[in-house]
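Next come two complexes built around subunit A: one with subunit B, the other with subunit C.
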Partner chain A sequence: MFRYRDLTIRQKQIVWAWIFLAVPVLFYSVIRFYPTGNAVLISFQEWNLLGTRTWTGLDNYVKLWNDPVFWKVFVNTFLYLLIGTPVSLLISFVIAYHLDKLRFGHSFIRMLYFLPFMTSAVAMAWVWRWFYQGVPIGLFNNFLASIGIAQVEFLNSTTNALPAVLAPAIWAGLGFQIIIFMAGLRSIPQSYYEAARIDGVSWWTVLSEITLPLLRPTIVFIVVFSSIGFLRIFDHVFNMTTNNPGGPLNSTKPLVLMIYDTAFNSFDMGYAAAQTVVLFTILLIVSLIQLWLLRADR
Partner chain B sequence: MSATEIRPTTAGVLDTKAAPKPRNMGQIIRWLLLFAGGIVMVMPIAYMISTSLKWPWEVYNVNLIPEEPTVENYLYVLEDGRFYWWFLNSIIIATATTISALFFDSLVGYTLCKFKFPGRTLVFIAILSTLMIPTEMLVIPWYLMSQSFGWLDSYWGIMFPGLMTAFGVFLMKQFFESVPDDFLEAARIDGLNEFQIWWTVAMPLVRPALAALAIFVFLGNWTAFLWPLIVTNSTDMYTLPVGLAGFGDEADVAWELIMTGAAISTIPTLVVFLVFQRFIIRGVVMAGLKG
Partner chain C sequence: MRNKLKSLILAGAATAALLPGAASADVEIEYWQYFFDARVEAMEQLIASFEEENPDITVTMTHFPYADYRTKVAAAIPAGEGPDVVQLFYGWLNDYIEAGLIQPLPTDTFDPDVIDAEFFPMVGAMKKDGVYYALPTAVRSLALFYNERLLEAAGVEPPTTLDELVEVAAATTERDGAGNITQVGITTGMTAQDHHWFREVLIRQFGGEPYLDDYQTVNYDTEAGRAALDYYTGLQSEHGVTIEGFMDEPQAAFKAGRAAMHIDGSFRIGSLADQRGLRWGVTELPAAADGTQSNYSSYWVNAITSKAEGEKLEAAVKFMEFITSDEAMQVWLDVVGELPAKPSVGMTDDNANDEVFGPFIRGLEYAHTTIFANESSQRQVLVDMVSQINIGGQEPGESLSEAAAAEQAILDDYYAD
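Right after this comes the complex of A and B.
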């Protein structure tokens, strides 16, 4: 007969460990792993949610490859990444660098920069959308008009809309990146700077030879974190271009919005699932590049 | 670092004596520039709040301080009734998921950190690997699952994906490393069972990590948009972001009312931040660097 008190301490530990893990293991299996496999499975099927599922092999992927909208979306998604990541990295580094050198009123200013991180993307998308309206509604155009500059079409222009949607996304993430950069700057031993000062090295040499190389793990972390964020951009696009989601003419449409449209407006589940597999692959590659970069560091 | 240029000059040493004055000037200029940048950063938030306090006739003026501040917009929006529900839904959902995530993430983190048992590494790697799976890939199967179990348009349906987080497990495991095994052993000798040891001995020692995790999970669920948008159908079940998105899209809604709605969904997290500022920034650093 099994009796708990007859077990050794080690056996008791095993029993307790699995008692503690039972619900979580079930959760991760049913809510994370099963759906992942299911998404891959559905991507090989044709299914409109009502009819029957039919196995179509790689058809969805072939369709995706031949879909001009997908390539437009693919380019957009990488535009968000390729503009968003360097711009936010540069701004947040410059601010963190100077904030780190500031000897007074430091936490107040840090608070100003961090506040946008605590906002909800949907709420702020609407605020920015309002800013972008034409005269006499939008703040930006009202301001331009008051100093006599011609109006700018922000959200209605196929060329300006993408940067206009990206701006609030960059804005909201800056605070986080600044805080991480400052923590990275703090972790550089002060003795290096003292040595450089005694040697009379210029600030530029200090920055490029001491600060930036030692910040490398921080930079890699921020680049990957923000890259993944920009590749998954959705809330801002959805809310700033709602009358024509991803518009005008798909010029702002990112991959996640295409997935949402395909799955929940067209109910083409198989096709949408194939798009999610592509998204997953892109994110995986970005993460692997990060691991590789960090390893090269050591 | 290998290429560090070392230029031995006496100029630097002499500089240090003459430095204080220009450096103070430099400090003031630096402060002013950073302050100006900080003001630009909070402008959208300031305009949102200011516009929510303006009468319609004043909305399109660029002035930041309303000439005649009014809470009329808030009264109107609350009287409409929907925001009241959305706010309540958001509070309930964000609170419940935070409690669940704190409980399970720390329990799993503790088990993986302090117990020796077969399968430990496997479980840890399996949980960690889910960090690689984007939510967007899971929403379609989650939707199908919710449909077959009747979870659509319910609190449970909105909450279930977020009840545990792999990030939290990882974070808590790191922090339980700092709890000495001797403490747990002493409690074991005192006759506490393993659950009591975790709850009464280990948990109080990792409070700062729990607080950091709580802030992240709460903020994440408060602002979550994609999944609540998919899983809810009826207006009464919307969370604030979903409700606000639909509210803004209604053709006849004026901008000052949209700004009021935006303010209602932003002010709570801003207040939390202003109250726990230092604490939250420390939490961000902790989570960012360990996670």
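Right after this comes the complex of A and C.
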């Protein structure tokens, strides 16, 4: 028979550890794992939220494979990732690199860069949406018109809309990345730089031989973090295109918006769940690749 | 001592609050609708007078923000947790009937022949296999809003035909030195109400019939459909009197006084009424050259859920009867500003000749109600059709055919099972 007082101190500690751990484990099972499992189950069913669920096997996945909108959305999602991540990485590094050297007004400028990160994405998206309008209300187009340049269609264009939506999303995340980069820059020992100065090497060599290699863990972290963010982009796109979500002609629609639309406008829960499983798989693969990169470095 | 006094007062207040309920709560039924100030207020008035007439019935109203309403109702009713009488958008009804979540209205109280005769014709969309499943208290229709100042400044009168519409729009459009439009003659945007205008009004006015087989077959890839599309897109491409999505949203442009004309629903009246400095009028949708008039009407309906049984069902039927009565419709018009669903209320001299409501109410007589399988997807098809022409540079005939095929696919998918 199991009796608590027969246990060794070490075993008692383990028992107590598990008692405390049980709370988050239970919480996670109920809040995370059970719904996740359920979503996978629903992806093999047809369900409109009202009627009964019927088993349809792989139908939802076949439909997804043959859906031209899905492939368009798939490409869009990776465009957000492939443009968003490098551009935001480059800009935030350049700013952090120079901000790090700056003494005068350092914290004030850092605060200015961090401000957009704290602003609500919805408010920001709407303000940018109005910036992008045509004459007479759009800020950018009014400026262009006032100096005699033809108007540019920002949002109402199949080619310009995606970059136009992406721009505020990059801007919003910049503050966070700059802070992380500055922390990374500060953690590089000064002695390396002093040694470099004694050797009299150029700033480019310092940058490419000391700063960048030693920043590698920071860079990997930011890449992982921001790529997951761009793969899941939703609020900026949705709020900037509410009347024609993901439009025009699906040119800005990311996968998350397609899932939302399928689930809460078409009430096609099975199909939406199948899309969710695909998104989950993509996120998993991207994260695993990046974790592997992290480990290879250490 | 002070505490004792306090609790005494509290207890007294609590008993007083309970009293009317306690005395009359023989049957309690639950009513759900979405939250909109005026709608809730009107319903509170109606419930109060209903309870006065029927002291043995208590009606509890629950409301949610519109954004969550559809999901909450859809989750609650199948779980048996929901209301006895529920307000639904007419377009959702099919799904609810199919899932067996609402019950047909008893024919002894709601005789289909009487309803056919007493209500405006488009309410017939709520009839399935000869019985009514739901009835509206109020309905909505479209009309042409115009900015009185801008029309006066241009020296033109509100248009009554489609050709006049183009002329008035041309007279009120303004451009800056570089040719950019700074004020449109008429707003356009399929994302707003224009898809209804195109579907149920323009296509019919050009001699077509947008759908066949009880809205299960798309029928606008025709000459009439093409003529309607050319008229609609011609406003921008040929006459240059509008820009799709001018100032982001059509109603915003009209509110800001940067649009001379704007087609919208009766639900817009409330938000325009409070707009300072905007002098506006309403007129019926312009007729075709041969005088054909058409309109689109939509509505929220009340239905009895399958949860209501026995005496609750009896109470629910009584309540349904009350909220679809002439008296209730007048309250709804006065408080919410939504149009009565019966000619007996709508076509009274006062209502039909009302400066603001009149054009909408007169429009009800010739209005059609599209039976949607999935309104947002079907709207998206028309949004994409116009985008293909305007920014994709596609040939209009081809866009029209593609749109018809895409919408047919949505309908086929929906009616297949």
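The working rule: the second predicted complex is superposed on the first by the 272 of 298 C-alpha atoms of A that agree within 3 Å, B and C clash if a C-alpha of one lies under 4 Å from a C-alpha of the other, contacts with A are read in each partner's own complex, and residues count from 1 in each chain.
We adopt the following convention: contacts are C-beta pairs under 8 Å (C-beta built on N, C-alpha and C of every residue); 3 or more make two chains touch, one makes a residue touch a chain.
All figures in this text were calculated on a predicted structure; none of them were measured in a lab.
Asks: Taking the superposition on A as described, I'd like to know which of subunit B and subunit C A:Ile137 touches: first, second, both or neither.
Replies: both
Asks: Decide which partner touches more residues of subunit A, taking subunit B and subunit C as the two options.
Replies: Per-residue touch count on subunit A favours B.
Asks: In the overlaid three-chain picture, which partner chain does A:Thr281 touch, first (subunit B) or second (subunit C), both, or neither?
Replies: neither
Asks: Applying the document's definition of touch, where does A:Ser266 land relative to subunit B and subunit C: first, second, both, or neither?
Replies: In the superposition, A:Ser266 touches subunit C alone.
Asks: Check whether A:Asn244 is in contact with subunit B, with subunit C, with both or with neither, and answer first, second, both or neither.
Replies: Touch partner of A:Asn244: subunit C, not subunit B.
Asks: Touching A:Trp16, do we find subunit B (first), subunit C (second), both, or neither?
Replies: A:Trp16: touches subunit B, not subunit C.
Asks: After overlaying the two complexes on chain A, where does the subunit B footprint on subunit A coincide with the subunit C footprint?
Replies: Dual-contact residues (subunit A): 129-130, 136-137, 243, 264.
Asks: Going by the contact rule set out above, which residues of subunit B touch subunit A in the complex?
Replies: Answer in residue numbers: 1, 3-13, 15-16, 27, 30-31, 33-35, 37-39, 41-42, 44-45, 47-48, 51, 60, 62, 104, 107-108, 110-111, 115-118, 120, 123, 126-127, 130, 132-134, 136-145, 160-161, 163-164, 166, 194-195, 198, 219, 222-223, 225-226, 230, 240-242, 244-245, 248-249, 255, 258-259, 261-263, 265-266, 269-270, 272-274, 277-278, 281, 284-285, 288-289.
Asks: Please output the residues of subunit A touching subunit C within their complex, sorted ascending.
Replies: Those residues of subunit A that touch subunit C are 48-51, 129-130, 133-137, 145, 148, 150-151, 153, 156-158, 243-244, 247-249, 261, 264-267.
Asks: Spell out the part of subunit A that touches subunit B in their complex, as residue ranges.
Replies: 10, 12-14, 16-18, 20-21, 23-25, 27-28, 31-36, 38-39, 42, 95, 98-99, 101-105, 107, 109-116, 118-124, 126-131, 136-137, 139, 142-143, 146, 168, 171, 174-176, 179-180, 183, 197-201, 205, 209-210, 213-214, 221, 232, 234-235, 238-239, 242-243, 256, 259-260, 263-264, 269, 272-273, 276-277, 279-280, 283-284, 287
Asks: Can you tell me which positions in subunit C touch subunit A when the two form their complex?
Replies: Counting only subunit C, the residues touching subunit A are 70-71, 74-75, 77-78, 95-96, 98-99, 101, 176, 178, 180-182, 189, 191-192, 243-249, 258, 374, 376-377, 380, 383-384, 387-388, 391-392.
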